[in-house]
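Below you'll find a set of structures to go through.
Each of the next two complexes has chain A plus one other chain: chain B in the first, chain C in the second.
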Partner chain A sequence: MSKIKSLYPSTKLVLLLTIGVSPFIIENPFVGFITFGLITIISIYNGIGIRFLRIIRNTLLILAIFMLIMRSLFIVGDDLHYVYQIASLKISIEGIVSGLYMSGRMLSLGSSLILFFEITSTQDIVANLKNTGVNPKVTYVMLASLQMIPEMKKQSNTIMEAQQSRGIETTGNIITRLKALIPSVTPLVLSSILNTEEKALTLEARAFTIKGPKTSLHKIYKKRSDKNIFWICLLIILILIIMKVFIW
Partner chain B sequence: MKKIKKDFTLLAILLIPVSVAINIVGFQICQLLRLPIFLDSIGTILAGAIAGPWVGMATGILTNLVNGIFNPIFLAYMPTSIFIGLITGFLARNNFFKNIFTLLILGLVLSVVSAVSSGIITAIVFAGATGTTGSIATGVLLAAGNNIMVSVFSVQIIQELADKFLAVIIVKLVISSMSIRYLSKMKNGMKFIKKEDLYE
Partner chain C sequence: MLIDYFDFNNNEGVYMVNVRLEGVSFRYLIAKNDVLKNISLELHSGKLTSIIGPNGAGKTTLAEIIRGFIPAYFQGDLRGKLYFDENVISINEENVAEYSKKIGFIFQNPFTQITGSTDSVFEEIAFGLENIGIAEERIIDRVSEILRLTNLSELKDRNPMDLSGGQKQRVAFASILAMDPDIYIIDEPTSQLDPASTEEIFMIISALKKMHKTILLIENKIELVAEYSDYVVAMNEGEVIAYGTPQSVFSSERIKDTDVEIPVYTKLFKEMGKTEGLPVTKKESISKLKGD
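Moving on, here comes the complex of A and B:
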């Protein structure tokens, strides 16, 4: 289980997605939570359990709870069986079941994606895409987007401080704060965009736009275990689909 | 297809990651200033305005992908960003940034499209729940007996109006401060250069 980190990126994705997507095929409201538990266990085995759970708490957890509540209270239908009533809000059993299905599936799929990105480095993903034959311009754009975000955050802090020293107020009533928006955003956007001209020259100097094969420093290779895992996952999904059609 | 590929010059390709970063950082600046708007599409609108609809669309898609890495919920809202990039690009081609009146119409169109698109996605994929205060308002409207689509939509349209109007105005200000040298290299840039400035 802890060897999962060293697998090829696309294998990791297929493996995690198989777990994450299976609740969409199986007709049981609790499967989503079971697969979510399974993915959490995998994250613990890979040593990132606490970080993983913290991310889930910040992103998916509130949504899952809300979905359950919204579905229980507000589902529409003809033959609803109400089990509880608070003021004018009625909770129906169909609503609870539907809420369990939706939030379980969302937790399952969402957590599988979150775990994938936590155990796969950007370098590996880009190398994988390159091996699959994706246009290097596309992979560059993805890589550059991720790299530019921290750069721009630093730049925006510098600009905010500079503007504050020139008398721009960032606290106070909403009109004052609104007036601080344009002096904060405009210099950031302008300076970043005008920097791209220099970047364009740098890329051209490294033969970015020339057609032909490109070499890279970071390489990854597929092993036999990767192919085996891929086919096993595909088989599992196929079996689940067949079971859904014929048994359930 | 070839025509679309021609839009992606090297400068356009460089504009995309910068615009994606602007989307993300712009959102954080709004959080810092504690303003009730998002400004998470300002980069998409900018890219669509000066480099055309397809570059704008690519910016939108990439923003959702990058945001989706840290929170997969954003992946579901990709169609909204795609619409914003495409519509801004097509309308900018037709000179919708030229005067304040058409600019406001652009803002209106963008906010309506964004609200409707996000609303439909929230209603279908997440059963109306987004885990924010908007959901509580939606819940109240639903309890009062409204259809789920109407409830989700009404809550989002007010936020979207403020957000998109502001974004469109900021983009216009930014473009009017850009040098002619840079704008002339952009596909749609010529639309923003006044004839008098060309000959000095």
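Moving on, here comes the complex of A and C:
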């Protein structure tokens, strides 16, 4: 499992997505949590377990819990079997099961993509896209999307520090922090758009979209194991689909 | 020496490119007024032409027109003609990429000049060369030499995204230098640099002149503009208000009541009541004070 990091980028993506999407095919509300657990184990074997779980905690986990609670309380339908009631809110078994499906699937798919981007460098992704012959403009769009969030985070930190130096309270409870953050959202988004535009010109200045053969100092190669893994993943998905159609 | 090293693109020797603008005017798509009004000027090979002027004068817009980013990327009403060596040039979305081999552009904002697709300064500088298909061994040699010449060797393994603004600016400059274009358009390359690094950049620009490169510089450090430039273009509100040697431009009456800055030495002599033979550099002013 620790060798997943060294796989070709597209192979890594196929492998992780195979694990990530299998809960969408298998009819069991707990499969999503099992595959999420498997992905977590992969992250630990690749030396980034703590970082990975921190990202999950700050992003997907809150959403998953929220989704589970909402589905448990607010699912509509006939013949619901209620198991608990708090004031006028009723929790049904069907709601819990639906919530488990949705949150499990979200955790599974989301974590597979998060892990992919954590164990694959931007340089490898760009090299993979170049090798595949993807249009440079498409490559740039993907690159810009990957970089946008970390850069917006850096900029928002800078804006918050600037606010703080002007005496605006930026730490404390969530209301205080929102009051400081909300006015800076518009300039943050606008400057991100401008920076993306300037970066496109920077790439143009470095002949990024020029036609003709390109050299690559950073080389990535597909090995036999990459091809084998690809076909195994495809086979797994096919078997799951067949089982879903004919057995489950 | 830099001049001994460069000669990649031409087997026939030195290639000189002159750039000429004739009656160039431009208005952005949603703007009411022209941001450039009837600009005519020449850039000569082996010469440094500097554009000076207050913010909003149209300096960067002019630079982007020469490079072809306007109209390829920025729509608007562009009028007039652009010549490279007496050939009328029309750069558009289809051919703008081809001109990256011929025209190097260094932008004002260092934070957007790092591509983000490389993990080291070495790879960042090599990026342009990879795109134009230079052979791997030549890329390695060229980048190694550029790192040495621009004093960036100690940063070669650092992630360029982790560098300071000044370091990013130097890496961006080195990246374009490595591509060895015929024309350099350099937009405020020293805004984030300390005095020592600023001097290094200007030394490199001097070396590029000796290699017969055509250089257009946008710069606010007026004293350095006066010292190193062969020609100065003073712009204000989209117009060229003075164009010529540093001496003629900085002593011109036409820039007197505008926001165009002049060197401190020239200002000093003007305030002393001098009107003729005004010095523009430290050396000239010392010479004048000594009565040479």
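Criterion: the second predicted complex is superposed on the first by the 175 of 248 C-alpha atoms of A that agree within 3 Å, B and C clash if a C-alpha of one lies under 4 Å from a C-alpha of the other, contacts with A are read in each partner's own complex, and residues count from 1 in each chain.
Just so it is clear, contacts are C-beta pairs under 8 Å (C-beta built on N, C-alpha and C of every residue); 3 or more make two chains touch, one makes a residue touch a chain.
On a predicted model such as this, the values are computed, not experimentally measured, just so you know.
Once the structures are superposed on A, label A:Phe30 by its partner contacts, choosing first (chain B), second (chain C), both or neither.
neither
Between chain B and chain C, which makes contact with more of the residues in chain A?
B
On the A-aligned overlay, A:Lys199 touches which partner chain: chain B = first, chain C = second, or both, or neither?
A:Lys199: touches chain B and chain C.
Figure out whether A:Gln123 sits in contact with chain B (first) or chain C (second), or with both, or with neither.
Touch partner of A:Gln123: chain C, not chain B.
First (chain B), second (chain C), both or neither: which does A:Phe208 touch?
A:Phe208 sits against chain B and chain C alike.
A:Phe74 in the overlay: touching chain B, chain C, both, or neither? Say first, second, both or neither.
first
Just checking: does A:Tyr84 make contact with chain B only, chain C only, both, or neither of them? Give me first, second, both or neither.
After superposing on A, A:Tyr84 lies clear of both chain B and chain C.
Of the partners chain B and chain C, which touch A:Trp231 in the superposed model: first, second, both, neither?
Neither partner.
Please report the chain A residues shared by its interface with chain B and its interface with chain C.
On chain A, the residues that contact chain B in one structure and chain C in the other are 147, 195, 197, 199-200, 203-204, 208-209.
Within their complex, state which residues of chain C touch chain A.
67, 69, 73, 96-98, 100-101, 104-107, 109, 111-119, 123, 126-136, 139-140, 172, 175-176, 179
Given the complex with chain C, which residues does chain A contribute to the contact?
Within the complex, chain A contacts chain C at residues 121-123, 126, 143, 147, 195, 197-218.
Contact residues on chain B for chain A in the complex?
Where chain B meets chain A, its residues are 8, 10-11, 13-18, 20-22, 24-26, 28-30, 32-35, 39, 42, 46, 58, 62, 65-66, 68-73, 75, 126-131, 135, 138-139, 142-143, 148, 166, 170, 173-174, 177-179, 182.
Touching residues of chain A toward chain B in the complex: what are they?
Result: residues 55, 58-60, 62-63, 65-67, 69-71, 73-74, 76, 88-89, 98-99, 102, 106, 109-110, 113-114, 117, 137, 140-142, 144-149, 151-153, 156, 160, 170, 174, 177-178, 180-182, 184-186, 188-190, 192-197, 199-200, 203-204, 208-209 of chain A touch chain B.
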